[in-house]
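In what comes next, chain A is part of two complexes: it sits with chain B in the first one and with chain C in the second one.
Moving on to the complex of A and B:
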């Protein structure tokens, strides 16, 4: 049997190649998330003080909306020719199939965020030049949690008729703790004196570990028919 | 399926026949380990008779042609085959892919996006994909669907090669399929049960003749 790492790398390569060719997920998600950011900006018209206070929440809600849009087709796009069956027929572990999707989704989400954050900084007048490294850490941990849970729920909802509706319904309540932690950790970085809030960062890391372990334990059920 | 017990010996070419809804596809999905039976088991045995306990070891021996093509429409023919060759851990995926595409008559469409292929070309590619790992067990669900005369001739030749090479073949099809001449055993399913079975070493011709007359 092929190692999980090798199989994951092959599957990740396929996911990236498919997305680069079709640009279905990235294009639509970037445009959607930018519209959300701009609409929030118009709706709240925040002062610099408001932006520091509500900005982290708006930013993470935009990430969440972008995630629920992007993660929906993750497994659903395997359905037209039953290609998930083709993957399940191969002598590879179910976890490799899940991990390949998960890593591809993580790369796509981080790419979207790399565009959204500078736009947010300009629209809301929140300087991020001095906190790029620490903000990247918080975004990585928060996004990883979003992508792990989103990929798992995408696998669960892929067979459902109303999957476009089902995924956000399943995903958003589960992500409430992650949203709170990500917003709090980001707010600490947007403060007058930016700092890493170790409590919330540790919470994010813990969330990621717990849900990644659950995904590993449940992957056979998630990938099976 | 209801109470289906089949022991298929290595090298047998089993034709699964039956009306729509008889359970042919379900049986093939269970045999390919894609679906788990609610009751009962599927066992694969090695040459010495010992059961293969590792499903991944069994999977590496199986090739499947299903109702769908099991191919990525947005990848090229070569990218599809190379991806699966890598996933099966096959040596030299690139040259293996090239040889498979030449064999199935798509050598000139190597870099064609599968979405742009005709139904018959996709089916050829699906068959080439299923045979990429030189499977010892080949499970075929209506494999001739969409193939033109040339495609059918190529497919019949490949089936004969598989049979002569000692592969075990299980193929669901309709009674008038010309490839049935290769079958060494006929199993007729009705409403999820085995209605008739010519058995290992038995003569499939009488059952086949009757089913053809009824079709």
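Moving on to the complex of A and C:
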């Protein structure tokens, strides 16, 4: 049996190659999140002060919605050619299959955010130059939680009817605590005196650890026949 | 069947007694007056809901370990009953809040986390409806159920850190908390009665699910036999 790390790396490479060749997922997701950002200004017509206050919420809602759409094909696109069966037959652990997809999704989501956050900063006049490092930490922890639960649930919803609607239905209520923590941590950074909110950052790390452990323990049931 | 009949009679008597105690025996609360009596129903519904949702978690874990379909049946039954109890709690809450707080609803920690809980288990039930294969339905919904259960404490802690307006727990709530003795007895009595109803319904729902599973298996076997039979007939016709 191949080591989990090596199998994960190979599968991650496969996912990235697939996306680089088609480029369908990233482009569509970025445009979707951008549309949410633009529509938001019509819905609330925020002043720069408003934008500081509601901006974190806007960003995370856009990412959660974008994530719940983008993670759908993660397992569903293995189905037309039954390629998941081929992965199951390979001498690798099922955790490697999940982890490969999870890391690929993390990279995609972070790429979306790396474009959308600066665009948000320009459109809504919220300066982020001084907080890039700290903001990246909050984004990483929040996005990791989104991607862990999202990848696991996309393995579930891929096998159900109406899966495009089902994934957000499963994912968004579970992400309620993550949304609160990410928004609060981001808001602390967008404030006049930016600071890192240790409580919420620790909460995000805890969320990631709890669900990563659960994904690791339960992945055999998700991937197996 | 006998257990069911006796259980129904006992629980029916309990419910009438508990209703009487809550409405007439328990003293009237000083500031809130009559409306406070909804408290006995409200808290009892929450107790039953927690018992039901803990049962879902237990059933999900047991199913994944044993792959015994009876735990899947227990999981779905407990989730449905829990959602009903949760709905009772979420309905009696605003009825009580309107005259006392002056508002139907507030985004307080406990209210918000319970609302999320309600949504989580409704998603669990919707998921079950959208999975066709019985084996997959049981396994995948158990995985989701475990994720939902793990999310429960996180939802509560995050909301608690975020904001809170709900009255502190009256029982075990710290120094100044405490119920008048008759009120406390009435509450315990109501909890037992409502939990009794919950368990009775849960038991019936569980047995219904077992029968449904059995029926589905019989249908499946009959279909296969029919299919095998028609192949055999073709064979003889050709011969």
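The rule is simple: the second predicted complex is superposed on the first by the 225 of 225 C-alpha atoms of A that agree within 3 Å, B and C clash if a C-alpha of one lies under 4 Å from a C-alpha of the other, contacts with A are read in each partner's own complex, and residues count from 1 in each chain.
Assume a residue touches a chain if its C-beta (ideal position, glycine included) is under 8 Å from a C-beta of that chain, and two chains touch if they have at least 3 such contacts.
On a predicted model such as this, the values are computed, not experimentally measured, just so you know.
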Contacts of A:10 with chain B and chain C, given as first, second, both or neither: first
Which superposed partner A:199 touches (first chain B, second chain C, both, neither): second
Partner chain(s) touched by A:91 [first = chain B, second = chain C, both, neither]: first
First, second, both or neither for A:81, with chain B first and chain C second: first
Contacts of A:135 with chain B and chain C, given as first, second, both or neither: neither
Chain B versus chain C as contact partner of A:21, first or second or both or neither: first
Partner chain in contact with A:103 - chain B first, chain C second, else both or neither: neither
Touching both chain B and chain C, residues of chain A: none
Chain B-facing residues of chain A, complex: 1-2, 7, 10-11, 13-14, 17-18, 21-22, 80-83, 85-93, 224-225
Complex contacts: residues of chain A adjacent to chain C: 149, 152-153, 156-157, 159-163, 166, 169-170, 173-174, 176-177, 180-181, 184, 199-200, 203, 206-207, 210-211, 214, 218, 221-222
Chain B residues touching chain A - in the complex, by the definition given at the top: 29, 32-36, 54, 56-57, 59-60, 62, 64, 66-75, 79, 83-84, 86-89, 129
Contact footprint of chain A on chain C as seen in their complex: 64, 116, 119-120, 123, 126-127, 130-133, 136, 139-140, 142-144, 146-148, 150-151, 154-155, 157-159, 161-162
